[in-house]
């Protein structure tokens, strides 16, 4: 059975390593914070100026002056710090953040990513995504394998305006975990009950499939 | 009579305008702070990270953690602020400081200044001087008109390695006040009792002398 | 060096049509509400606004968008404003979208006398079009230039009469950077205190960057996404 | 994210000959005294040291100069050290003198992922030799590149176990910038407190820039120019 958004978040949470600073994008990536494995300590960076972001505030304790990059009210963990936007992106550009998780509209087999614009139709802007993908050494994309029309979002080349080039290292979708290297997607795991055939059918880009593809352990 | 260092500082203090932020270099310039005219409010910036620098501390109250750019123990005035060296030079480079006063070994008639190095002999380094002279729009040099051997420091071209080019706007020496423009020194005032002839003799660079050269009013 | 002005009217003296303005804030957090209201009241037109976001339809810069006072927006993310999207797609509004980190750094650079710098952000994308590319450490970077503004409007938590500022939590965001980059920087604060009351060691923005400061009349501080958990 | 190490020995693990080090401080103010002493004790050689100053003959980096552990200095002002001047003029010591503002900005750039930036400082002087020149707003600027280091040694006033730092007065100076630019940033503090004790709104250096932190055993905090007035 294909994963839901929470399943994708849970699977990505397994990628976390102790001691990492992590930036989570808006949408599915934000959910990853809820599933940090026991024994793993990570700190979340929010590019509007937080290190050590905590959970949502208790009802009635929300503060308009304390939000995350998704404009949601949040809290601070002990040891947190606040800084301006230039310092925040100094952390990101300077590669002090070990992992970036973000959503995408398209990912290509060469690691290109598109997630900020549909010409003539939708222009939300890139926000911090271009800085993140140009800088981070470890970029995981969290998204559905196909769009609402059923077309693959895992492509040989992106058709939409790019957010960054040759940057995505891993993709976790509702169907599969794939690494991105040597101009191909490399299938690592299947969602529980999803067949390799289903993944192949949903993937437009070059897909390398090893002899054995284990099921995810969510 | 030629001015002493305090006289030079007093004359430069007359150049201060209300509301200015001012950076004073090491040596004679530092003394300017003691002679701010009544009714004029200025704030002193020290490039190691102070805005609103105050007088020396009372004996016994000095703090090793609070020094000025000359490494002297100082105090803070009410409304002062402390910042790191990058922010300090952001103020300087970004032209938020209205006046820079600094010493020199040589000044040339095109506004070039040399004050950081005598090849093979003395190398103290430029410190913040190169940033200051390259950025400030209003640069007054405070120095003796001649060196210890009696040679003029007011030249047609500098012989020592430059600190900055075309930047000095005014020179105040023990003998004279001169503006620097149109590739010449323009005599504005004489030190009390000093003749135009004496100034001419002590000046190697091109000197423009108006019909009337008033005495300084110290 | 007293920077206090007594009203938002006085604070905005000299703002005219066709100017370039910077406005602090991230989303609706830490925006100069009082100055925006006054800009709307004054009806100043043909503005170029540099701001990370464009507000929502009825708050923040959205107020100036619906009255069509803005000719051009320079922003990184504008996804929360339908009127913005409509004006942009119809071509009524000029829009320059730039990466958030580049926007922040370009404002800082404008205030710091750094006319240009290299960043990897945007290389290989539309953002890089027409910009110089240079490889450092085997990685291509693009040359981004400094931004500055005729007026910068900044919202701070506390400020003193000399213009020293303290921001609260994530309402800091772009405010300190834009404070540096305004030819005239106007600050509205929740609390205005005498010089000497703020600890010099914990000033976020030194007063040298501020030309005018006033106590804002009211702060709505609207929350865009109220997310909570139950006890 | 506990960054605490228990001794200066542990803090310097991995520092070897030929490395590039950054050392915070301005004059003798805010220098990492404990780390410098340990570097002297370890006798690590052929070091490239990036530091605004070079200490005095018997304190600060002067301690490493007299034992000839330093191969190259990158500084802005070295006027207080006779041994330094002797080694430099005799050619024993390589010296790269750069403008103080460029030094500060190059450290920040190194930590901020900005490989190069333009500055007017040094144009038309020796400092500009071999560097690209570009005119912005009618004024020539030179291209300066980022600096980084294998280890950055930083002195802070207070720090917490996660590496968040607060500096005291002008002992801040280059410390926050070098903290950003070290591959491994080692911090010695006067006071080490549990995470959560420092106000998140008033952290000078966020812990993300710090890899190791320890409480310094002693701080001499020598004053270079004791200037006082009488009551």
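Couple of notes before you dig in:
As written, the chain order gives the labels A, B, C and D, with residue 1 at the start of each chain.
Please note the rule applied: contacts are C-beta pairs under 8 Å (C-beta built on N, C-alpha and C of every residue); 3 or more make two chains touch, one makes a residue touch a chain.
By chain, with names taken from UniProt: A, B = Succinyl-CoA--3-ketoacid-CoA transferase.
Not measured: the values here are computed from a predicted model.
Common neighbours of chain A and chain D under the contact rule above are C.
The chain pair with more C-beta contacts between its two chains, of B-C and B-D, is B-D. Each chain gets a centre from the mean of its Cα atoms; for chain C and chain D, those two points are 33 Å apart. Chain geometry summary: the mean Cα position of chain B and that of chain C are 36 Å apart. Each chain gets a centre from the mean of its Cα atoms; for chain A and chain C, those two points are 28 Å apart.
Contacts with at least two other chains are made by residues 76, 82-83, 86, 89, 92-93, 135 of chain B.
The set of chain C residues that touch two or more partner chains comprises 105, 108, 112-114, 119-120, 168-169, 200-201. Going by the touch rule set out above, the chain pairs that meet are A-C, A-D, B-C, B-D, C-D.
Chain D makes touch with chain A in their complex at residues 1, 108, 110-114, 160-162, 164, 180, 194-196, 200-201, 203, 206-209. By the touch criterion given at the top, residues 19, 21, 41, 43, 45, 51-52, 76, 78-83, 86-87, 89-97, 135 of chain A touch chain D in their complex.
Put simply, chain C touches chain D in their complex at residues 105, 109, 112-120, 134, 136-137, 141, 145, 166-169, 200-202. Contact residues on chain D toward chain B in their complex (touch as defined above): 26-30, 52, 75-80, 85, 88-89, 95, 97-105, 107-108, 119-127, 157, 168-177, 204, 221-231.
Interface residues of chain B facing chain D in the complex, by the touch rule stated above, are 46-50, 55-74, 76, 82-86, 88-89, 92-93, 112, 116-117, 120-131, 134-135, 161-166.
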